[in-house]
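Have a look at these structures, which come just after this line.
In the two complexes below, chain A is the common chain; its partner is chain B in one and chain C in the other.
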Partner chain A sequence: MRLTTRAAILFMLPAFVLYATFIVFPTLRGIGLSFTDAQGVVGGNFVGLDNYVRLFGDPAVLSALLNTLVFAVIVTVGQNVLALALAYWLQSLPRLQAIARAGILLPSMMAFIAVGFVWNFIYSPIDGPLDSVMNAVGLRGLEHIWLGDPTTALTAVAVTNIWMYMGYSATIYLAGYFAIPENIMEAAKIDGATGWARFRTVDWPLLAPALTINVTLTTIGSLRVFDPILVMTGGGPGNATQSLSYLVYTNTTQFQFGYATAIAVVLLVLTVIVAITQTTIFRRREIEW
Partner chain B sequence: MVKVKQSISGVLLIVVTVLVLLPILLVIVNSFRTNHSLAVSPIGLPTSLDLSNFGYVITHMNFFRGVGISTLITASSVALILLIGSAASWAIARTTRRWASGVYRLFIAGLTIPVFVMATPLYLEALQLGLLNNLVAVILVYTAFNMPFAVFFYTSFLRSVPQELEEAAAIDGCGPLRTYWHIILPMLRPSSAAMAVFIAISIWNDVTVPLLLLDSQDVQPLTLSIYSFVGTEGGIQQSQLFPAVLLATLPLFILFLVFQRYIVAGISAGVGK
Partner chain C sequence: MKNKLIMVAAAAAIVTLGLAGCSASSPASTKKTTLTVVGWKGQGANLADIPTLNKAFEKAYPNIKLDYTYVDDSNYTTYNNPRLAGGDAADVIMVDTPEIRSWGKQGYLANLSGLTAVSEQDSTYKADAGVGGETYAVVSESTPVGLFTNLDLLKKDGINSAPTDWPTFIKDLETLKSDGDGGLVLAQKNLFGGSAIMKLMASNFVASDWAENYDAGNTTFGKSWGQSISELKELFDKGLVDPKLSLGLDENVDAPPQFEAGKWAFMPTGSWELSTLKSATKENIAFIPFPGGAKGSQPKTFVFVGTGWAINAKTKNSAAAKDYINFMSEPKQAEAYLKADSAFSTLKDVKSPNVPEDAAVVKAAADGDMLPSTIDDLNSTGAATAFNTAIENLFINPSLTTSDELKTLNSTVTPTPPTK
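Presenting the complex of A and B:
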């Protein structure tokens, strides 16, 4: 039905007003604030690039930037590899599909704020569940203060994150499998392609749309990691698990508005660059059928 | 031979699924155990069903108030998103002008903006306008935050369906408002169901917006209740941690079991049929 321009605008108006008020305006204001020395509601004088100069010399920001990137890489690679393997497994067992998918999807329904505490307990040093299990299977000596050691803390948080969301990614890959026309799978079977050979030549190229969505979602999601840091480590030990989002949050609650928004802008630029690069690369390998 | 391999593979898959669920099982089992038994061994079965910790958690975490506030915020936001989002998407999908695709792209751009870019300005605005601890403000913020996803989801669906029904309605003298209400909204019902469950989960589990905009005890949703109960009271005992986690996640477990089909549909959207 052809809508008159007036009717179309009226229908868009409520969504647009809310979006402009709570997304567009705050984003622009945030970018504006990042060029000021605003602290709380006072200050707010234009200081040019001072905040940006300061943050690129700030060890807390630099380690947060590095941690955020490392976290994003671990989560994106780990989660997608595991999810793809799970989806491959699930599609080969149609009768167990629904129940197994429900099981692995369940963790992603829980609030990280609640789950994080459980994993703090699992990782807890001195006879925590993880250490107990490792002792029981003969890995005594490898027990560890998982969240208290700067070398393992970030990975431990990433593992929890992967545990939570790999079922989510697997569900997307499985939907990708369902989207592959049956005659293609039949043809592969007739040609004798099974296992790894079929995965490499048939599944992998045809799962391209699911891969694009999954990789983009996990990357964008993990670049803005916040809840896991808040619950599990608070950025510590030292700066070992400090993330950009978490730094924005702590600076905001300390009323360092100018500085906080400058860090947020760095996060925004990083996210946009990564998202555009990924989409361009991954879309190119998607094929039509 | 193939049959045997399939069976082994099936058994292994169940084992792996149980392994994935192990932390959740740990929560369930441990919430019935006492401090003493937890101290003796972190993994183990309860010797007797101890429900006292649930009572403690329900009163001290203010469980029912948390559930009430979370439900209010989530339900209102989802209703607004579905209504406002579908109206805008219909207008976008049925307007072929250049400016309409510009509006569409502006909405879509919101998908990549990390919430923390808006965090400081939103907090500052709420502070200046006296909107801290205002639930209506939180609901509107969530509605706006989810608008890019809603517009993306509805528009791609609406662009793929024929317009004959709407045109027939127009010939019968239906104005845009009646067409929207009687034709479009019912037609979008399956999409709306998938999206509603999906968005509801993300809002229910969110902690960022409440952390920024709700600092008073009286308006804390469930996520903040558990965070302040476990995280900041510090000295809570392990036997109280597990009932707290279980209670805080229980509403979503139920939602998941009932609406699993829609949740899967919501997650799979975009991959195509």
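Presenting the complex of A and C:
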């Protein structure tokens, strides 16, 4: 039976209606709201580009933009390097894989509110486990007020984020390893490629699709970072850990819906540009076999 | 004909049964109203006897079913703002002064003029209960902020009584430090500790009508605030408070457990912590006014308007909502609430509780040494945030001079004349 155009449209209609209702409409409504001085979800007067002019001159927004980009770089690089290392190690230990795969996914299944409180305790400058361990192993000089120092707070939050989602990325890399045809690995082995040489010349190019997915997902997730900051630092000290998403939240709670939405639109545009650029570049590396 | 008769009989039976069904399901007298209430008290350290009071309300009003939602205070505005904006907030909302001003100004709260509980409210709190001459809330308590003191720890280090002036306080902190004990724990991660200590210091120097004058443009953050900033800087300079450590301490996660464990002698916070601290610690504690004045002077403290009850302007259960607020403002319920919160009464016929641990604060109030909270009395809803941020700046850059800090305060805390 051939699928007619009419039937195809009918099949697509439910999905289209849901997508239009829950994605397209709120996005367009949000963009419209960003051109108003709305103090609630409804109402507000049209103010043209005022919110956008204001946000590009707002030091809090510029600081949050910089923090967001720095956070995204730390998390994307750190999470992918560690996840790749973990996946490389796990693929060489077939007996451990079943248990380890479930185990490494566990942190990403937890609620960030719980993870945030646990890491707040770990970083606590009074009797916190991190400083206690460092003290016990003779590294007293490295004790630090991790979340209270503007120079380390953002990195400390990023480390928590990496800990939480590293297993998730590793699972994708592991799936990438499973997708590599066995005969290629065997050929590499016969040719004497082992260790770093095999990783560089065989694994790395063939893991390109997994890398594309992981880097894109990690970047999008970290550009939108919100909950770790809310739970662990509240954007402080000063503006040291304020992200664009957190700024949207603080402005919304102060009833500046129009301004908050304008910041959200900028974040959306930034995320779309970065994601498209990354995908385009990384896709070029992918090879077919 | 026979068929017609059967059809008529059947139709009559259906109509009769239908009417009977309708009348059985909707007699106005037996229909229960569900009243939704939201508050940041009712659980954990912020219990305030709410569950017991709510049960008593349902017993007194059997036709009202209460649906109470507890929301942690740090998420309270996040929870309520979108609901108010979207028109589906709770019928009765727990509020404090900034929320009364912010939500009242935007028309989200119902005008409560004429409510029995409003007429019972002490006139001192009229301005705090509304905006632009309208009354949007019944203020349930005024809450003193002071210094929790571990008397056992002081005694261990040879200090026999809580300090009452600044030189003695500094000397006590130096003694504690030299004996290896914790002195003053300031949890600044959530911006609370620094802001509380600064306002406590200010209560010893700043005039009680300062906020009103600041908003009117008649005064600034001047000499009296400079004295308060100098005291904070003295604590930093003498190593009695580590500003960096304070920035890493959480008001909820770090400071109270440390104080409860007897590791620190002093912790600034509000009276609402008293009940929890009393039951959680084995130490002998006292809640005292702040010893910030010159040698031999009486310690002072500040009080801010605590919780109140307001009604959502869009409620469909206005009568039940009014019943709830009136019930909570009756002496029996109001006194139970105040006792659980160790707070002061704001209602004419309601007595403040008598708690031995806060005797010094009660005496300060009786002696006129308890001032209204300077910053929380400012009209701008963003004043407290701007103030807290400016004080945080001092913790991040302790080398800032007093005059630099005063300039920051004057430029970021906007004077706002009252709404007419």
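As a convention for this text, the second predicted complex is superposed on the first by the 271 of 289 C-alpha atoms of A that agree within 3 Å, B and C clash if a C-alpha of one lies under 4 Å from a C-alpha of the other, contacts with A are read in each partner's own complex, and residues count from 1 in each chain.
In this text, a residue touches a chain if its C-beta (ideal position, glycine included) is under 8 Å from a C-beta of that chain, and two chains touch if they have at least 3 such contacts.
Every value quoted in this text rests on a predicted model; they were computed, and no experiment measured them.
Asker: Applying the document's definition of touch, where does A:Tyr123 land relative to chain B and chain C: first, second, both, or neither?
Answerer: In the superposed model, A:Tyr123 contacts chain C only, not chain B.
Asker: Is chain A touched at more residues by chain B or by chain C?
Answerer: B
Asker: Please work out whether A:Phe11 is in contact with chain B alone, chain C alone, both, or neither, and reply first, second, both or neither.
Answerer: A:Phe11 sits against chain B, while chain C stays out of touch.
Asker: For A:Trp146 in the superposed arrangement: first (chain B), second (chain C), both or neither?
Answerer: second
Asker: In the overlay, answer first, second, both or neither for which of chain B and chain C A:Asp227 touches.
Answerer: After superposition on chain A, A:Asp227 lies in contact with chain B alone.
Asker: For A:Gly238, select first, second, both or neither according to whether it touches chain B, chain C, the two together, or no partner.
Answerer: Only chain C is touched by A:Gly238; chain B is not.
Asker: In the superposed arrangement, does A:Gln39 touch chain B (first), chain C (second), both or neither?
Answerer: second
Asker: Contact-wise, after the overlay, does A:Tyr168 reach chain B, chain C, both or neither (first, second, both, neither)?
Answerer: first
Asker: Would you sort A:Thr252 into first (chain B), second (chain C), both or neither based on which partner it touches?
Answerer: both
Asker: From the superposed pair, tell me which chain A residues show up as contacts to chain B and also as contacts to chain C.
Answerer: On chain A, the residues that contact chain B in one structure and chain C in the other are 41, 117, 121, 124, 249, 252, 257.
Asker: Residues of chain C touching chain A in their complex?
Answerer: Against chain A, the touching part of chain C is residues 77-78, 81-82, 84-86, 102, 106, 188-191, 244-250, 253-254, 258, 263, 381-382, 385, 389, 392-393, 395-396.
Asker: Provide the residue numbers of chain B that touch chain A in the complex, in ascending order.
Answerer: 6, 9-10, 13-14, 16-18, 20-21, 23-24, 26-27, 41-43, 84-85, 87-88, 90-92, 94-95, 97, 100, 103, 106-107, 110, 112-125, 127-128, 140-141, 143-145, 147-148, 150-151, 163, 166-167, 169-170, 176, 179-180, 201, 204-205, 207-208, 211-212, 222-223, 226-227, 230-231, 238, 241-242, 244-245, 248-249, 252-253, 255-256, 260, 263-264, 267-268, 270-273
Asker: So in the complex, the part of chain A that touches chain B is made up of which residues?
Answerer: The contact residues of chain A facing chain B are 1-5, 7-9, 11-12, 14-16, 18-19, 21-27, 29-30, 33, 38, 41, 86, 89-90, 92-93, 95-96, 99-107, 109-115, 117-119, 121-122, 124, 127-129, 132-133, 163, 167-168, 171-172, 174-176, 178-179, 209-210, 213, 220, 223-224, 226-227, 230-231, 244-245, 248-249, 251-252, 257, 260-261, 264-265, 267-268, 271-272, 275.
Asker: Where on chain A is chain C touching in the complex?
Answerer: Residues of chain A touching chain C: 39-42, 117, 120-121, 123-126, 145-150, 233-234, 236-238, 249, 252-255, 257.
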